[in-house]
Structures are given as C-alpha cells and as structure tokens.
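Consider the two complexes below, in which subunit A is the common component and subunit B and subunit C are the respective partners.
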Partner chain A sequence: MRIETLLFKEVVILPELFLGISLVYLVLHCTFLSIKKNYPLIQNSILYLGVLVLFLSCFLVLNDGLEVLEQSVLNDTIVNDYVSFSSKLVIGSLSLFCLLMIQPYITSQKINQFEYILLILFAVLGLFLLCSSNDLLTAYLAIELQSLAFYVLASFKRNSTYSVDAGIKYFILGAFSSSLFLFGSSLLYGVTGTINFEEFKDLFVNVFPGSYDTISTEISLFDFSLVQFGLVFILISLLFKLAIAPFHTWAPDVYEGSPSASTFFFAVVPKLAIFVLLLRIFYYSFFGFFESWRYFIVVIVVLSIIVGSFGGLEQRKLKSLLVYSSISHMGYALIAFSAGTLESIQMLLCYLIVYSFSGLCVWSIFILTRLKNNHLQKQNKDLTDLVLLGKSNYMLAIFFTTVLFSVAGFPPMIGFLVKISVFLTAVESSMFFVVLISILCSVIGTFYYIRLIKILYFEKVLVGKLYYPIQAQSSVLISFLFFLFLFLFINPTLLYLFSYKISLLVSMSI
Partner chain B sequence: MLYIKNILSFILVLPLIGAIVLSFIPASNKSLLRSIALNCSCLTFVLSLFLWVFFNKSVGTFQFAENFFWIPILNLNFSIGVDGISLFFILLTTLLIPICLLASWDSIQVDLKKYLIAFLVMEFFLIGVFCVLDLLFFYIFFESVLIPMFLIIGIWGSRERKIRAAYFFFLYTLLGSVLMLLSILYIYYQVGTTDYEVLLTFSFSPLEQKIMWFAFFASFATKVPMVPVHLWLPEAHVEAPTAGSVILAGVLLKLGTYGFIRFSFPLFPEACFYFAPFVYAMSVVGIVYTSFTAIRQSDFKRIIAYTSVAHMNLVMVGLFSFNVIGLEGAILQSLSHGFVASALFLIIGVVYDRHHTRMVKYYGGLVHTMPIYVFIFLFFTMSNIGLPGTGSFVGEFLILTGSFKANTTVTFLSATGMIIGGCYSLWLFNRIAYGNLKTQYFKNYLDINKREFLIFFPLLLGTLVMGIYPNIFLNSIHFSTNMLVEFMYF
Partner chain C sequence: MIINILFYLFSIILLLSSLMVILVQNSIYSILFLVLSFISSAGILFLLKCEFLALMFIVIYVGAIAVLFLFVVMMLDLKTINSKKDTLKYFPFGAVIGGVFLTEILMVVGETFKSNPYNVSFLYNSHFNWYERIDTFTEIRSIGQVVYTEYVLQFLIAGNVLLLATIAAVVLTINTNVASDKKQVIFRQLSRNYKNVLIV
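So, the complex of A and B:
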C-alpha cells in the first residue's frame, strides 16, 4: 500500500472519508448528548445534521469531479473515475431528497431513535464505496455495509410484528445472496488468482464474445467454464439484491412490512449503485464472456417483465403495486444490459437515472399524504384511500398523474423517452421478440397505473379518507421535481450527454 | 408579411399558452375561464385560416416548414410543416374546438377549469399530430391525445359505465399503437433518423414493408376503426360528454386515415398494394355490418357512432383505391364526416341537455315544438345519407368513382352501405321528428337558443359549401395527393 495516498495531498476518496468520519462523529455526539440530556428528542436536529453531512459530501464529490482522471488508490481496490463520480452524485442527491421527504413521516410515526438517520447515512456510505469499488472484496464489503444498514432499517419498528418479520426475511435472504457473491468471487479467485477488475480485464483481453470456446482449447491457461460458473453466481446474487424475477419473492413481503420511510429508501436509492457494479464486472472486466451470460439475462428479462406486469394487476395496496412496478422496470433496465453495445450502457444509465427520480416522486407522494383521523397510525395505504386526493389536493393529484404516466412510459413524458431508448438498443442488437413481449407487457402494466388515475379522478364519492396538508418544505421539493420532469422531456440532451460520458468509460473493453 | 412563415408554430403553441393561462385563474371565476378558453381557441381558428389564405396551392410540398433541435446527438429533431393533405385536418380541429367549448357552455359545471384545460391541451396535441413531420413526434402526439380524452370520458362522462368505456378507449388504442412504436424503432435503427422527408428517400425490402405495414395498420385501424377492433368506439361515444363525442368523431377518427395517407402509403407502397384486398374486405364487412348494427340500436348516440364507423370504412375504401380521385374523395369525405358527425352529436347533445336521456323511444314529434331544431336535424340527416348538394355526396361520389377504377365488386358492396345508411338515418329521423308528441315522458319542450344555433351555423355552412363548390377545398388538396400517388407508383 502506498502511504502517500492516505495523506491529503491527493486524497481521491475524500467524500467517502468525510462521510465516514462525520458519521463516527455523529454517533459519538448523539450518544453522549442522549445520555447527558436524559434521552431528549433529537431526531429532527440529527436529520438536519445528516442532510448537512450528505450535502457536504455531495459537494466534495462534485469538487472531485472537476478534475476527474482515472485514479485508483489503496492498492487498486478503489477507483475514482467518471462512472463513480457521476453515480455518487446521483445517489447523493437522491438520498438528500429521501432524507428531506421522510422527515414528516418519522415525526408522525414517532420513530424517535437517532440511529435511524445514522443507518441511512451508513447505507449511503456503503453505496458510495460500491460505486467506486474496483475489486470483488471491496464490492462485497460495500454491499454488506449497505445491506446490514437496510436490514436494521427494515425491522426498525420494533413493536410491529410485520416490521420485524420483514427485517428477518430481508436478512436471511440477503445474507444468502451475499454468500452466493462470495462463492462466485472465490471461484474466480481460484481460477485466476486475482480479484481486481483491472487485472481481470487484462487477463481476458484476448477473449472476445463468442470466441472463448476456440481460445480455451488453444491456450488452456484457465478453465473458462469455472469462470462462467463464478460469474453466474455473482450475477444471481446481484439480481437478488435488485429483486428481479425469479429472485423477487422476498421483495413484496419486505417492502410491505418495513416502515414506509425505509422502503422508500431501499426501493429508490441502491438500484443505480448495484447496476454500476454489474457494469463494472460484466462489461468492464468480463465482456469476453458476454455470450455466455446473455441468454441467461434475456430469460430473466422476459420473466421479470411478465411477473411485474401481471403481478401488479391484482394488488390492492400501493406499496405492493410499486414493488411489482419496480420488478418490471428492472426488467426493462436489464433489456439494455443484455444488448451489449455502447449505446445500451448509455440508455441503461439514462433509464436508471430517470427511473430513480420517478420512483422518488411516487414514493414521496406516498409518504407525504398522511391520513387524518387515523388512530392506529397505519400507513399501509390501500389504493382506494387516494380517492379524495383529486379533490382535496388538486395540484398533488396532477403531479401524481404526471409521474404515473411517466412511469408507465407514456408520451409526452420523460419515462417514455428513456423506455423507447432502451427498446431501441434491443432492436439494434436484433432482440425483436424480447422487445415485442416486453412492449406488449408494458401495455398490461399501463393498466394498473391508469387504475390509480381512475381512483384519483373518476370516482364520484364524497366520503373518503382525508389527508393532512403538506408542509411548505416538502411542497417546494415536490414542485422542484415536477419541473425537473417537464424540463427533462423538453430538453433531454443533458441527460443523454451525461450518461454517454459515463458509458464511454465503462465500455473501454467493448 | 414577415411573420407568416412562423405562423404554424404559433398556431401550435397558442392552445398550450391558453391552457397555461387558464391554470393561473381561480376555478371559481367560471365566466372568465370560459371566455379565455373560447377566445384562445377562436384566435387559433382565425390564425389557421391565415394558414389557408397564405397556402400556396400550386405546389405539393411542405409549406410553413420549421425545424427545432431536440436531441441532436441522437439525430432526433422536431420539424413541422403543412401540405394539402394536413391543411384541412388542422382547420377542422381548430374549428371544432371552439364549437365544443360553446356546446358545453352550460352543461359542464363541475371541474370546469380542468375541462377547459383538457380541451386546449388536446387541441395542442391534435394540431401537433397533423403538422409534425417526424415519425417519432407523430407517435408522441398520436399517443398523447389519449390522456386528455381518457380524462374527459372518465371525469365528465354521464354514467357509471364510463370507467369501462375509458379503459376500453385507452387500452385498445394503446395496444394497437405499441406495435407501431416497435416498427418506428426499427425504422430509426435502419435509417438513423425519423425525419419524414428523409424517410421518403429510403425504401425498405418487401418483407420489412409487410411486417411494418401490419404494425402501422394495427395502430391506425384501431383509430379508424375497422371492424374487429371497433368495439371501443360505441362505448366511448355513448359515455363521453357531447363535446368529447364531437372531438372523437370529428377529429380523433381522422387520425387513423391521416396516418395511412401520411405514413403507410409513402413508406410502404408495395405492402399497401399487397394488402389492399385485405383492407377492402375488412372495410366492406365494416360498412355493411355496422350499417345493419346501427339499425337495431336503441340509443341515439350509438346509432350515430355506428354510422361513423361505416363512413370511416368507406373512407378506407377510397384510400386504398390508390388513385387521385379516390384519395381526394377520401380526404374530402373525412372532412365532411368531421362536419356531419360532429353536428349529429351536437344535435343529440341539444336534446340530451334538455331531457337527459338518449333513448330514441322517449322522443317523438319534435317537429311540432322544435321546428328549427328539426330543420337542422333534417339537413344533417340528409348529408349523412349523402344528398347531392352536401359535402358527403361529393366525397362519396369521388370515393366510389375512384374505387370503381380499382375494384368494381368493392364499389358495389360499399354502395349498398349507402342504401342501408338511408334506412337507418331516415328511420331515426322519422322516429324523433314525426309522430305524436310523447307528452307522457316529457312535458316541457324548448327550441334551440341563439348559442346552439351559432354552434350549428358554421357546420351547416361548411357542409353546403363543400357540396356546392368543392373545388375550393380540392384545389389545395390536389397537388399533394397527385404527388403522393405518383410517388407510390414510381
């Protein structure tokens, strides 16, 4: 290990370091404050401290990005390039929004332990490290950091059976999938003797898609089938984390049982980071084995889209509906992932960024509409609870409609544009039947979004659940997101250029 | 006139500006809301008349063309322009929107602000569909029309069945058009752009043409609608408010035929010839079947809805005759159907506003109490049949002449549709207007007022002008259709 990289002279992981150190400080501060002041309610102040810390680390990321060169530190285990810079930026801003949006929720639900905010920040730290990890072990540790935070977040409502149940389910299945990741990594290490992505790339530089069979007989340095075996394990473990069918069965239960703020967080934020890791492993290091995992992915895409579209039809709760919607959306993202071209990475990143932001909008609306006269403080909203939203909060309903049409991939919204970009990449690599199936399933998926719109506007009822008005701070954020949506459709070039620049780096081995 | 070359983009965004202005006005100030919406749509209509005045009739190319960058790195840009085919569809849209707003002047009281905004936004989308010269943007506008129409049917529809009708409308159309989206993506992948004028220079292989023609057909045939996929139309018409039906019959159905003329014909000419018998068969079945179905309906609106299916299928026969006469007839018949069907739905709206029922059996002998109303009803019934002197006659005559050149049997079979059309129209008129007044059902009768007369007057005048001197329309259409037919054959 080179010592000088740890000095401030050229610290390339300054945002992570800052976040980690301030987290340690926050833990100490909160603990001593609580003990000294006899356990006061410090939730709100800690939340704003957390927002400040996140904002500053986002600023540091941005500051780093001004002179982005590909730098790797700590014995090449962590790399700082445009991919990690931009994904950290997106993840940081998403988590900022999340923290600000859940503030009314945790106040009203009396989640008073300060650990809640700290756990979210720990998860963000894990995601930051995941984005910039450059070898399998670092990636594993980063995944574990964020997953452990998520397990605790899921079971945070200790007095609710559902929450504890969700936490334990999440923990068992998450640990299982992590062990699959470790198993795959050990296979790869056993075959090649390295765990570094850069070295993997150099090792397999002669392997091209479709050609590894012939090469393996000539060189026979490695057992390629073992490499493929390890890759499949890693792939399955990461798909577990993304809740893609057929590895999705934990997701509806866990999302339904966890406190809504936690669900909000782990439904929206981590997808991008895991996809960045997928891109690093499967496009950067092991692109030569593209053909061997491609058909696997294609099957998963079709399954996931079908499960997501048809599974959502019978859901009566908003949270489960969103779970199935996210399953089908991850399927669309994987279409681009399985196309294997430069454009496909670009469109994948576009899709993920837009998906994350629309998920942010939907979940914010879900969390901000707090029911009045609700003695049990129940948050698990049925779809029919929204029946008066169109009358009581007209602007919010319009925003919700816009976002739903965007999520459904309906023109003229940004969701439509990124969705057809994804389909375009699939057409370019001649996957016509996959596109045909997914485009027909997307019509079926549209049905449950327009059912929500029907509930918002078409029912002529005068009795229904009422909502508390939304705080000024949240309204400002919501309207900001609304204008972001409109702007992105009118001028999407920015988004495409941004993701193009990211894709250039990942695709160096294509 | 310095600004005349930018007039098209101004017409396009004016309704949107109106909708944005409306959104800032409090919902309680209903008269201000109504007057702003009406003035905005009237201004749009007047400006679109300028489009007609300054339209150069002696060329068939796109005029008032403008280009805007959208995503230059993907070579996707926004370009608009007007030729003889799309000019009158734009005029039809801009004429019908103020009429719709006037028609729902008193009948819409709940959520008025949303209603007006929905109509103006829909006008924006419809003008966009007709003037855009980019395949992807055509799709975007074509689909976007669904959103305001879905809301109009769902929110301001009359009965509980409206939700089902709204779903029908939305999902049928969406299912058809995603296939078109797929082939648009394929075209973009093959050509590298979706710009219409560039696409015209590209020719696809016969197999590609057939597959993509079918994908486009799935979308446009649902909109026209052709027979197996026409089920959404009666549902949507019956449940929609009067103004919604007017726009649906007047403009939305024309999106299908317009799509055929604009995209299917020049992009896939060989596939068009290949599939022409198929389209003939479906259209003839549609004409005869829906005409017979119209006879046995008991709902006033349903009868007119089935009539429009029959007439639009006749338009399809005219289109697929592939000669200038048939094409011009098809465009003229589309226009005249836009006038006549809209007027018939407005006629239903008049009695529905007064008595709140659309069942034919409750009406009778209206000629005794509502003479002006019955006169207008008679006029439009006659033009629905295709009486000489009305626009429908000219349209139908041209269509049948054109298709006679192409296929005599089809002409014969589709002409039977006109006879059956005479049956249901005259019988309907007979039941409503003549006989005894059914005072056991309704006690009070009231003839149409000044506002309602003002609604009917431009439609009446337009139908007459189109029937007596159709050349003022055909002049502008002629060169574009001529170019299209030449392009298809060579």
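So, the complex of A and C:
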C-alpha cells in the first residue's frame, strides 16, 4: 500500500500541509467560481471536492509508513508516532463518513454557502494537528483552529434564532475554557520554564520521579503545588471541550440549537483528538502526578455518569437525549482514563473508537430520516417523530435498534465487550465503588435507549410517519456500519490489536 | 525600587479598571475602562522589557479594537439595561466560587514564588553582563528570528486561524440574495395578528 515516489520522509506533517494548502486552493476556487457565475449552487461539487481532499490526506497519513517508532520534528513541536498516526486515520475516516452523510441534509435545508464544507475541513485540520502536537503552544493553536470552526458551524443558519443563540453560547464558553487552558499552561511555563511534553516528561519522570506525596516527605527540592494547579486548569478546560458533567451545561443547548449537520460533526469527531491530547499531557508528561490528578477525575466520572443517566430520562427531544448519552459515555471513557494501567489505555481507545462509530451510525440515522408531511425547516426531532419506523422502514429500524443496543451495552454487539472491559480494568485497579455506581447508572441509562426502541416498534398509534427515501450511497454506508458492529463482536481482535499497539506506544514512556 | 513601585501601580490600575469594565452599567464607560486596562498592561510589559509587545498592545488593542468597539457601541445606541436583579441573584454563588479560587491561587503562588532575601542587602552580587549590553538584537528582530525559524509551524497555524476567522466573518455577514429579503407581501402583512406570531 505504499508508493515509493510519495515518501516524503522529512516532511512528517505532509498530510496536514496538503490539507492546509488545498484548503487555500478551495477557498480561491470557490470564491472565483461564485463571483464569476453569479452565485451558482456549487454545494454538492464542493462537498465531493472536500471528500476527495480528505481521502487524499488520509491516504497520505496511511502512506507515511512509520518505520521509526517515534519521530519529533519542527523543533520538537510535532511528534509522529503510532498514536497520532492511528488517531488521524480514525478521525479522517469519521469525517469522511460524516461529510458523505450530511449531503442530503445540506441539500434539503438549503445551506447553500460553500463555506460550510470549508469550515468542516478547517476543523479536521485542527484535529489532525491536535493529534500530533507535542507542546502546549501547538496544542492550543490546534484547539483554537477546530473550535473556531465549530462556533461558526453552530451559528451557520443565520436566519434561525436558535442557531445564532447556540453559536454565541458555544463561543463564550469555548473562549472561557480556552482561557483556562492558557492560564494553566502559563503556570506550568512559569514553574518549569518549558512547554514541551517531552521535556515535561524528562523533568517529572526522570529528574523528579514519583508522585507529589513521596517527594515532599523525602526532600523538598521542588514545590509541586503550582504544577498541580496548572494541571487542574488544563484538565478543566479540556473537560469543557468534551462536555463532561460539571462542565456540561452548555452542551444540550448548543447541540439542540445548531443545525443538525453541525451537531453531527461536533458530537462525533472531536472527542478522540481531545482524548489523545489528554493522554499526551497526563499519561506521557505528567504521569508522576498520577495520584494527585486521579481523584479529580474519579469524582468527575461519578458526577458525569449520574448526570448523563438521570438527565436523559426527562428528555423529549432526540438531540438532547443523545447529548446526555454522550455525557455518560464520556464518563465511562474517563473511568478507563483514571485507572492508569496499560490495559486501561487500550480499553479507553477501544471505547472511544467504538463510541465514535456508533455515534456516527446513530446520528446518520437521525439525519437520514427526513419527515415528509412536516414543515421543511423543522430540524429538531421529538422522540415521537420516529414512531413506527419499524413499519415504514424496516431495515433502518433494525439498524437503529442494533446500534442502540450496542450503545446501551447488550451482548451480541461490540458495545457490550468494550463496556465490560472498561469496568474490568477499573476493577483491576481496585476502583470497586466507582464501578458499582457506574454499573447501576448504566442500568438506569439503558431505560432511555429501550424506550426509543419501544417507540420504533410497539407504539399504539394508527398512523405512522412517512419519510423521504434514502439515497443509495448513504444506505450502503449505514449497512457497512451495521455489519461492523456485528463483525467486531464476533472478531474483536482487530480492534484490540489496533488499540493495543497504540497503548503500548503511549505507555512506553511510563 | 522605582520599577517595583511602578509595577504595583500599573497592576492596581489594571485590576481596578478590568473590574470596572464588568461593573459599570454604561457601555461607553466600560469600553473606556477597557482602554485604560490595555494601556496599563502595556505599561507592565514595558517594565518587563517587552517593548515590542507593549507597542503592539497599544497599536492593536487601543488603536484598532477599542476604537472599533466605541464606534459600534455609539452606532448601536444601546439602552442601559438595569440588570441589578440578576446580579443579586447570581452574586452569592459566584462570589463563593471566585473567593475560593482566588484564595487558593494566592496561597499557592505565595508559597511558590519567593523573592531573593539577599536582593536588598549588600551581599547581593550585582553585575553587568557587558557582552549582553554591547551585542544584542532588538526585540522585534529576535522575535522575528524565532518566529520564522523555530516556530514556523505555529506561525502557519496562526495564519490559518486568521484565514478561518476571515471566512467566518464573511459567511456570517454576507447577504447574497438581497432582492428577496426586502420583499413585502401586503396580504401577509395585513393578515397577521398577535395570535399567529411566533415569538422566540
């Protein structure tokens, strides 16, 4: 799968470079085309151009080969290891799926500005850079790039008050959390004099090994409290971006208000990249402080699982239901994050990949079921809008049920395996109480998935809803995702090997 | 000594003016306080020998952004809204959280950064590094050298962020179909009553 003429070994950031340069070309192309031809509808062609560009940059990522295990370039600010390689691959394929799925939505909702696709591509560029960043400055700039694109994607429907409201809310809270990130990194820089993850690791793993408590009792060479302070701020800001429970209040409003295609994108794609940054900061550089930041995360885990499971019970809108489900799922992922063993990192990555793909499937079905006898502009779905889908579109209902069972964690799907292994890793590092609470809450959370399935099949209404037919390409993609869940349950080795290789390289430094 | 006094002076002005930005009801006053806070932070940067950054603060923030804000606020003709009720409602919670964070920060910073005890006594070894005095770059030159060599990727990402911001500003404000928006259907206008108006 490698073409020798395309091996630019020295240019490690070739995919990002390609994406950035082709973005500039796309901007020029679209602008001149629009002005010259008096604003034609170029939405579809730009979307397929975007798909092509993304596919080519994924190909460049794949083509990179990775003959060395780890390679840092550009003055150590970019690291190219298996973590960044695989997460870029996953993120690239997720956004490819996402772009292909939102095509009918964009056409039907008349989002006619070509910039929509460009903004999505900008966000993907930011996520790619975030995956391979190796210092706080690059990470900050990458976060800014992706979140700036998200703010505009949220407020893209200018004529809808909800959308503008969502954009403003997202912007203010995102700016707040970015400022927290900057404050934390300035504290870290003030104490240590560096912003590089590699140098943090050298300083805190090799020079001052061990956690805070052991050091302060033995020798007080160094006061670590300010480092911990900075770490807490960085943690809070990244959890804001992930919408985890004490910092989740913006998420239901923003997800509800923004156009569904944008919500689809920022509910599914960015979580993995932010978790990669969390892994790099907390597992790679600051693993010596494991004992001190673990407790914050355990408290946050319990809170977010409780909020996610109980908050979802009251929701009548499908989007808010999915938001609360994502809050609780991020909580489960954080359980694995706080366990701190090799297997826990592996299960974290497994869980995130499975979560992303099942989110992809759920949101695609959400976007593809377009009601026929309804107001065209209405984009929010109540739960009852899917009533008797089992009668009107039998296969789609089966797919939806399968994915919901997988998300809830029922056996013949991959969701069950990853969920149980997350709990097992937590038990292995003796977090019994957390596991108990989260299993109980998971039972409660299953209620709203099953209620959705009941609405799909067993509702006592005489007249169901009619839907527009689904295009061939979307149905092929959806059935591919459906078979992926079944296949991964029968043969999960593929996923486990992939994530095991990533986790080995993350934990090589520990 | 005098530098320390100036530093504290500027910091107090900065803190007070940035507090006033959010406390003052009239938005024009609050923007003027914002300008004051920018100027005092430029003063702090001058004291820390970051001349280029200080000048950039004055040129960009005071010269461009704050004046733009002033124009916008004067054009919008905002009414002063009495938001005392909300302030009272949220004040205790915000004050508790803010107070806890402030005390924690002050405690940790006070423990971590200690001043050199020999700084004022005659034991303090003061010397000039003459090489540094003779053979130095100006600040703008050194910033340029670092930005264009070591941090070239970050420079490019910042450029991309700017491009994205430009595209975003254009896409959120441009109006391509001017003709259809201004159309008024008289029938629809006359048949409106208060019952079928959607208020969001």
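The rule we apply is simple: the second predicted complex is superposed on the first by the 480 of 510 C-alpha atoms of A that agree within 3 Å, B and C clash if a C-alpha of one lies under 4 Å from a C-alpha of the other, contacts with A are read in each partner's own complex, and residues count from 1 in each chain.
Convention: a contact is a pair of C-beta atoms (placed from the backbone, for glycine too) under 8 Å apart; a residue touches a chain by one contact, two chains touch by 3 or more.
Every value quoted in this text rests on a predicted model; they were computed, and no experiment measured them.
Once the complexes are laid over each other on subunit A, subunit B and subunit C both fit without any clash.
In the superposition on chain A, contact of A:78 is made with subunit C only, not with subunit B. In the superposition on chain A, A:443 contacts subunit B only, with no contact to subunit C. Of the two partner chains, subunit B is the only one that A:412 touches; subunit C does not reach it. When the shared chain is aligned, subunit B comes close enough to touch A:427, but subunit C does not.
By the touch criterion defined above, A:492 lies against subunit B but remains apart from subunit C after alignment on the C-alpha atoms of chain A. Contacts of A:435 after superposition: subunit B is touched, whereas subunit C is not reached. When the shared chain is aligned, subunit C comes close enough to touch A:152, but subunit B does not. In this overlay, which is a superposition and not a single complex, subunit B and subunit C have their closest Cα atoms 37 Å apart.
On subunit A, the surface touched by subunit B in one complex and the surface touched by subunit C in the other have no residue in common.
Those residues of subunit A that touch subunit B in the shared complex are 405, 410-412, 416, 420, 423-424, 427-428, 432, 435-436, 439-440, 442-443, 446-447, 450, 453-454, 457-458, 491-493, 496-497, 500. Residues of subunit C that touch subunit A in their complex: 104-105, 108-109, 111-112, 150-154, 156-158, 160-161, 163-165, 167-168, 170-172, 176, 200. Remark: subunit B residues 70-74, 136, 139-141, 143-144, 146-147, 150-151, 154-155, 162-163, 166-167, 170-171, 174-175, 178-179, 181-182, 185-186, 188-189 touch subunit A in the complex. Of all the residues in subunit A, the ones that touch subunit C in their complex are 13, 20, 23-24, 27, 39, 74-75, 77-78, 113, 115, 118-119, 122, 125, 129, 137-138, 141-142, 144-145, 148-149, 151-152, 155-156, 158, 161-162, 191, 223, 225-226, 229.
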